[in-house]
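To keep things simple, chains are lettered A, B and C as they appear, and every chain counts its residues starting from 1.
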Amino acid sequence: MATALRQSAKYGLLGRLAPFVVPTSVHGRNGISRTALPYLMSNQRHSSSGTKIKVDLDSSTGIAVMRLQSPPVNSLSLDFLTEFAINMEKLEMDKSCRGLVITSALPKIFSAGLDILEMYGKSPEHCGEFWKAVQEMWLKLYSSNMVTIAAVNGSSPAGGCLMALACDYRIMAENPRYGIGLNETQLGIVAPFWFKDTMANTVGHRTTELALQLGLLYSAPDALRIGLVDQLVPEDQVVSTAMETMAKWFAIPDHARQITKSMMRKPTIDKMVSNREFDINNFVSFITRDSIQKFFRMYMESLRKRKA
Amino acid sequence: MATALRQSAKYGLLGRLAPFVVPTSVHGRNGISRTALPYLMSNQRHSSSGTKIKVDLDSSTGIAVMRLQSPPVNSLSLDFLTEFAINMEKLEMDKSCRGLVITSALPKIFSAGLDILEMYGKSPEHCGEFWKAVQEMWLKLYSSNMVTIAAVNGSSPAGGCLMALACDYRIMAENPRYGIGLNETQLGIVAPFWFKDTMANTVGHRTTELALQLGLLYSAPDALRIGLVDQLVPEDQVVSTAMETMAKWFAIPDHARQITKSMMRKPTIDKMVSNREFDINNFVSFITRDSIQKFFRMYMESLRKRKA
Amino acid sequence: MATALRQSAKYGLLGRLAPFVVPTSVHGRNGISRTALPYLMSNQRHSSSGTKIKVDLDSSTGIAVMRLQSPPVNSLSLDFLTEFAINMEKLEMDKSCRGLVITSALPKIFSAGLDILEMYGKSPEHCGEFWKAVQEMWLKLYSSNMVTIAAVNGSSPAGGCLMALACDYRIMAENPRYGIGLNETQLGIVAPFWFKDTMANTVGHRTTELALQLGLLYSAPDALRIGLVDQLVPEDQVVSTAMETMAKWFAIPDHARQITKSMMRKPTIDKMVSNREFDINNFVSFITRDSIQKFFRMYMESLRKRKA
């Protein structure tokens, strides 16, 4: 496991995930070009499978299941985020779809968060494009008209945690070796204000202050205790429980639920949208600092050395 | 009980109160005209009894007890709200009154919330007048200089819950069959922003988001657990406990308590006041929609059919 | 104990601390002039000792320990606050210092809060100067770049509680006879908006509303339960636990932690800074009211009479 940890950390913001489980098999990233068509829609099967995300929509139930399948750790790369956004747009416009379950097709990991390789040694332009895609992911998910349930069947640090937090409900595997949290400071970087707002909307100001300053990853039971997730179930029941939970949400008239959801989330969304450019500039100038790039380089070199 | 539930739902926003107790006897609404004098004050007895609300003020203790007595379920009709506002104004100006206990004179129900009959098949003008009265109820209660304690001796959905939330302290009968919550979405309508703010000020953002989206009614024990009420006592001790609790509040110098209360609540009140017209227009245009009126009609017809 | 309570109440905002422990030995205030040099720095020993505060900085660990030693109850007098501000400035500029532990050198009391003698029978100018110093204390502590841990080894009412709340983490002696809370209303005065904001950022809106209106002092176990403190340990381990806890905070790169801390606290700080003059004027006009001065006089006279 130790080796896997070091390797996977190259690809995402797992940071110091020490006590938490990460995948034991680590494959290289595939070489699909970013200009390749990332999305294939089969209208017959209501199913789509891009290179990194697979979506199955059952029109009879109105539930779409989105499976993250980008080995080794579902890092949020630019490709991944682009596929995610396209999928979200299609589902949002599909009137037969009322609810979305997001889960991982990989063992032991939900998503390891932002892909460091998109931020290390890249041009400011690339970093800006990448950050805009991260913003877009959050905007589409946090403001979705669908009922969104995160079926967190593995560890979910940093951006992976953000993705779960942006859903309406979070069901996590009750495995205490899975961790979830916004642990950015552990890697020397900082969760931006809208990560913070999303977490504070979920667990309150004080818990967020402590969690973000210390870059805390919570074990599944601790995450339940502080309200970071809503429910724990055995690992093999995470997705099925999410499907069953949809019934409760579908019992509410969509229009009333959607207006209510918008009322709750609009101030947070408006704040982000009106500070979007500022946030991108802020991210780019921070991440391209020599000190941060050096921190990344040392971090990745230390991983390579340990691995060797 | 099922029959009573269906009938009572005609009069208030009980919605899908299924697991919770509602009154078993349902009487027709009385025919008192809205222009009739709704308030009779006896200066000698310091007691007043309108048609729908009875107030007893004991000048020796400084505590007024307001008993809601509008069968079958203390629905917040325009008449009821008008009486409420007049009573609040009188008590607020009466220097011998420092504290107010609000409770129900009816069995098993505190208040069933907004009266659907004020919103169904009515002119926009009427709906606007009604909504202004709902706003006024909340404004008077949430900003009261008195110590206000809700003695919740029965179920308290929707507007009934709002009334309890606007008090300083909530004591509920420990009967698990009594429910409390802002369950508006269950009826296809939406709690406005100031209902939301009041609840979020009490139980936090996340619990409010979940409760409002799903239109959750909490059993008394669950309501205590999430902080929607402050204390549970046996049903026959709800009012007496409220009276005893006043002593703790009266021990604090009024001026310090009042300034503190205002400091805590002023931002929420100011926000509502400065959006008051917007909120009325918003309510009227929403509630007079064909789809909403149709939803109400279908709902009420389904009740009649089941009853027949 | 009763006598000590009455006496100590003269010096701070202990208010009705009845069930909580306060010092048993009460000494007169020393006569050091306010114009005397309150700060002596020994560069060799990295230690300083003013008349009321002792600071020891261990450059090898990066931890400074600030011991409050102003008998009888570490009241926040103008002298005390001036010393505090000077110490904070020196530590903040000292690059060898990354963390600060604040604790009391006196038995059974952390700090009794604002010194009533600075507010009773004083000129508006003096009251304004005093209040500005209280603001400064909070500003320096709440916005500190250092990791700040309150080692609360005794009761901590009113301003003492504020000082603890402004730190990053609070460790309290698990003695249930020690109380902590913003109990201002018990003395007929009012915690200002930024006391309120600081508490609400820690324990949420509802708990703050209840605590401030009723002037609640929480026993150590209750303080832990509501999140007013983060951890309870045996009394003789409060400081050592604080030192050990620093390791967890120091493991986070300073720049990432500081940016995160600022992001969490800046809105609250900005609000106070932009209302600073208003807040001073508000305090002065309130505290110099005849009714408040009379309240103070009666309170102090009643203490003297009981004592006699």
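Here, a residue touches a chain if its C-beta (ideal position, glycine included) is under 8 Å from a C-beta of that chain, and two chains touch if they have at least 3 such contacts.
Quick caveat: nothing in here was measured; it's all calculated off a predicted structure.
The touch graph of the protein chains shown is complete. Of all residue numbers used where chain B meets chain C, under half belong to both copies. The two sides are thus made of different residues.
Chain B and chain C have CA centres that are 41 Å apart. Counting partner chains per residue, chain B shows two or more touched chains at residues 204. Partner chain C is touched in their complex by these residues of chain A: 184-191, 193, 196, 204-206, 208-210, 212-215, 291, 295. Put simply, chain A touches chain B in their complex at residues 168-169, 200-204, 227, 230, 248-249, 252-253, 255-257, 259-261, 263-265.
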